[in-house]
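This report refers to the structure that appears directly beneath it.
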Amino acid sequence: MPEVRHDRAASRVLTAEAITKRFGHVEANNDVSFSLRSAEVHALLGQNGAGKSTLVGILSGSVVPDGGRVCVDGEAIALGSPQASNDAGIATVYQDLVLVPTMTGLENIALALRRAPNAATRDEIAASAAEFELPVNINTPVGALGLPERQRIELLRALCQRPAFLLLDEPTSLLPPLMVETFLGKVRELADRQLAVLLITHRLDEARLIADRVTILRDGQVVAEFDRDALPPNEDVARLIVGQDVAASAAEHHAREHTVLAVADLVVSTDGRAVVNGVSLGVKAGEIVGIAGVDGNGQRELMEAIAGLRAIESGTVAVEGNQIQGQSYADCWSAGVQFVSEDRRREGIVPTYSIAEHFSITPGRFEPAKVRAILERYDVRPPDPKFRADQLSGGNQQKMLMARACEAGARVLLVAYPTQGLDVQATVRIRDILIEQAASGIGIVVTSSDLDELLAISQRVVVMSRGQLVGAQHHGAFDKRELAEWIIRGPGGFAHATPDLART
Amino acid sequence: MRRAADGALPLIAFVASMALLIGLLALLGYDASVILTALWEGSMGSPSALSTSLGQAVPIILTAAAFWLTVSAGVFNIGMDGQLQLGGLATLLVAFALVGVLPALLVIVVGVAAGALAGALWSALAGVPKITRGTNEIVSTLMLNFVAFVIVGEMMRGALQSETNRLTPQTDKIDESLHITSTIGGAQFSWGIVIAIAFTVALLGIVLMTSLGLRLRAIGLNAEAARHAAIPIPRYWHGVFLCAGALSGIAGALVILGLRFHIAPGWAPLWGFQGVLVTFLALRRPWLIPLWGVLFGMLAAAGPALKGSASVPDSIVTVMITLPVIVLYLLYALQREPLSWLPRLRAAGPSRAAEAQDG
Amino acid sequence: MDNPFITVEYWNAVLRIATPIGFAALGCLLCSRAGVLLIGVEGIMLGSAFFGIAGTVWTDSIWLGFLIGVASGVLISQILGLLTMRARMGDVVGGLVVHIGAIGVTGFLLAEWFSETGATTGGKQLEAPWPEFGGALVGLVLHQQPLVYAMIAIAIALHLSLRSLTGLTVRAAGESMRAAMALGIRLIPLRFLVLAVSGAIVGCGGAFLGVGVAGTFGQPATMIGGQGFIGLACVMFGAWRPLQALAATMIFAAAYALQFRVLSDDLSGWLQLLPYVVVLAAIMLRSSARGPAEEGQDLPEAAYEASRRRAGWRPARWGGKTAVAGDGK
């Protein structure tokens, strides 16, 4: 790869020194120091909630640290100012893309470059797109584009700013697995062009593939830093990342013969596009079914449609043999379908309301006296019904919401990303709750982008891609490689190859 | 401590802005003591002044209750004035049609019910499009206000024009048997104030103390969370629009039966807007809505006295009721901002820490 | 032409009526695109109508009076910004408070400076300063009050500038405050600036209504008569696009002007309903168009934090470490 801009960008270095940031009781970054140099890919490894995104926010100026310095070539830059970070040559591609959805790619990029969105800018962007080999459509509102393309636009936007330092926050989480390798190749290539790339990821294999250096973050602290050659074997790195072994909760076979949820030929459309396209799925009492797949392939819509939170175009949903499609969530709730969203702050917690009040606003009849017992059983801390729910930690909020759903007479429990953003202990507890509930005879559907999590708790894992279920595996015969393959290939490769989906 | 101070802030804001305004008026050359006397005389100085104060308080309290109800549920129905006027018109029509046919008490009950119905239907006219199609309810309720004003005005000038007094546009007065007033100390006191407070307290009780109200307020605090707690939001919103409209309609009915007895130009000044201001003052202490309503009624009643004896333009009353809201929100903002850089005090306020969690 | 509606006078009236509504709509539109729901539009119009008249009386020049009216519109918009953002009232509460407050303040000042019954410009008109030529039909196009052309020019300017870099900045603030902040856009100063420009545009409408149409200032509570809110409705009906909003304004103005064309006593009163009913029908039936995603939403706490930091306030200690963050200027 020709080092085209070697002369212009003499080796530069970005250092973070003793960065500290707290959110309430959570120490997101604690005395974090690290450096990023030109022409290297520096991978920042850590699990969800390790503080990676906070660090990116601080470097890019959108989060103000409580302490520490950020230096470029030895000079401290102003903190908490996106402008200052930008001027220092730092460009960022955020995990949850921050493009303006109603604007075209051209407009989004022009805005970031502070240029008028005219023909000259268009040509320049097109030239950059060609230079970096990023095929993008910059004439359509980005909201109408698929996630991978949006991400390419965001990457192009960052590259058009001709940065010295490129921060990529979990860039592969939105990509279909097939494109991950191509993307990582591109990243490597950028580093070979003298760019300094910070690759934030929770996937070790990615780091191993392209990183020159690896820094591991756990609970807001740097726990290790390795050069590429000195990187220990996977198991050791994994232990460093997690800190303790996540108990591989044994998913015992509690599944009974009796089917609690039967979904047949479900179709859900938004804006004329079928986001769930003919899904059939059966869940038995006591069974946990994991839905794997890349985010945005219809998992969320499927869950919402089953729960009555989203309009169904066609198909049937039956709980215990009673058809419930087309009913409101309140009616579905009474029929025994509960949905727990991963977005606790937006879709779970009512500000200022106590825990007890969160129970009493649901159609289920919760006697106040019983709530305390429930909270203790689900290990919500503090187990005080009068405690304000918005002041609980994320893990306890999740436990509370799970308790509310399970104790409302659930027959079918739908859980989206059950452990997103939770620490290890809460994660373990939430997984235990799911397994306990299944053991008590509830049918559970879990969706997650974390395949390992699904494999740890599910009796059956199905793969969802482009609105369809494309394959299923049962506990005892899990083959991670094959599942990953299904996730990659999508519905085309597996037409009619999964007869057991509809019936079980 | 904090909670007590919190509760006192609206009162502090009110007193401060009154002092500020009277100070300003004094700078403009008015006599502060004469103003204060006029305020007192006009609102409580005589039985008739007191009866006017309480009479004006009736629509203010009820429209405030109506607006507070919608705000609690996360919608802004500011069509109280139109709902009130149509409610009054409906009551008037019932009074004309049924007097002598039914016993007076029954006519009054039917009249109030008709007022409530008219207000509720008028409110639903904005509510249904809001809930089913997402039409902005602020604009639609405001437009419906103007439509209601034209309807009532044209009825007053046309079909209902008084036969006995054709010189000015106005309707006939309702029969005296239908007046819901008692004479105390030579002044006519409207029982409307009792009815208004009763309705308001009942509403406050339902919204603040029942599980129905708990769900309703959950919608206002976080509609998405409410939806995920299986609360049927559209059903609740329909109810809210109907109830709020009914309350405003009842306000119109009580104004006809206890204060004005007929419709004439200027019979219903923009009480709904005063109700809006009362709501904002009482947002953190909703039980105080009736008290704020009476206070605003007193100020409204003192307007003529201010103009008469202190020769201050009576528009100053509108300023007097607006300024406290501004001062109050400034106090809230001050209370919030310094706390963010005074570390010791900030530690006492846990709500912020919670805001930032889940990172 | 025997149809009384298709006359030059009628369309002259339509244009005159459309102008204040059009200015209101364009001001609301600019605010909307930046994420501000301008509920205070009538308050601004009322203030600028009053000061337009007052300024005309003071300076004895209708154009100077007009400018004073526009300036007061800007001033009120900044007060509105203080209330909605700094006092954290939010767009709806702050807008309503400004609306009601403007009724009180203008009423008080009217009685204080002029008389209870009203103030008048004494028949001065904002006429076109060039001679009429070519007959009524040509005059309809070429001999209107200058502000009619100004309104159209502003609409075209808005239409073009929404596609410029400035327009992108404004739109980003209205569509996604998070994305805007990540790009380093300062939301609070931007909103104040947008409010100032909108205040000037809406102020043109208010001042025109005062000195150009009415010529007097009477009852504050009925002076504007919902024309500002009709402007807000035009924005919605016009799908948040300047030229469409202007077209919507013409439709509503045509309905408005009808009441002055029908001389039959029985009907003319009821015809006052027409503009409001047309507006209601329009916004209720048209619901496909969506406004800016974050229109009317409160600013995120981060925007205030950024503003505090720029003002030199240092973040408080949290835990043990001393804070050294903030650029300290």
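Think of it as A, B and C in the order they're written, each chain with its own count starting at 1.
As a working rule, contacts are C-beta pairs under 8 Å (C-beta built on N, C-alpha and C of every residue); 3 or more make two chains touch, one makes a residue touch a chain.
Just so we're clear, the structure is a prediction, and the values are computed from it rather than from any experiment.
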(request) Determine which of the two chain pairs, B-C or A-C, is joined by the larger number of C-beta pairs in contact. (result) B-C
(request) Please find which chain has its CA centre nearest to the centre of all protein CA atoms in view. (result) C
(message) So, comparing C-alpha centroids, which chain is the farthest one from subunit A?
(response) B
(request) Please compute the C-alpha centroid of subunit A, do the same for subunit B, then give the distance between them in whole Å. (result) 48
(request) Compute the distance, rounded to whole Å, between the mean C-alpha positions of subunit B and subunit C. (result) 27
(request) Report, in whole Å, the distance between the mean C-alpha point of subunit A and the mean C-alpha point of subunit C. (result) 43
(message) At least two partner chains per residue is the criterion; list those residues in subunit B.
(response) 355
(request) Could you check subunit C for residues that touch two or more other chains and list them? (result) 315, 317
(request) Could you please specify the touching residues of subunit B with respect to subunit C in the complex? (result) 28, 76, 78, 129, 133-136, 138-140, 142-147, 150-151, 153-154, 157-158, 269-270, 273, 276-277, 280, 313, 315-323, 325-326, 329-330, 332-333, 336-337, 340-343, 346, 355
(request) Provide the residue numbers of subunit A that touch subunit C in the complex, in ascending order. (result) 20, 22, 27, 60-62, 64-69, 78-84, 86, 92, 94, 98-103, 107, 110-112, 114-117
(request) Flag every residue of subunit C that touches subunit A in the complex, lowest number first. (result) 163-165, 168-169, 171-172, 175-176, 178-184, 292-293, 302, 305-306, 309, 315, 317-319, 321-327
(message) Under the stated contact criterion, what part of subunit A meets subunit B in this complex?
(response) 23-26, 28, 54, 309, 328-330, 332-333, 339, 341, 344-353, 357-358, 360-363, 388, 390-391, 393-394, 397, 404, 421
(message) Touching residues of subunit C toward subunit B in the complex: what are they?
(response) 39, 83, 86-89, 92-93, 96-97, 99-101, 103-108, 110-112, 116, 220-221, 225-226, 229-230, 232-233, 236, 269-270, 272-273, 276-277, 279-280, 283-284, 287, 301, 308, 313-317
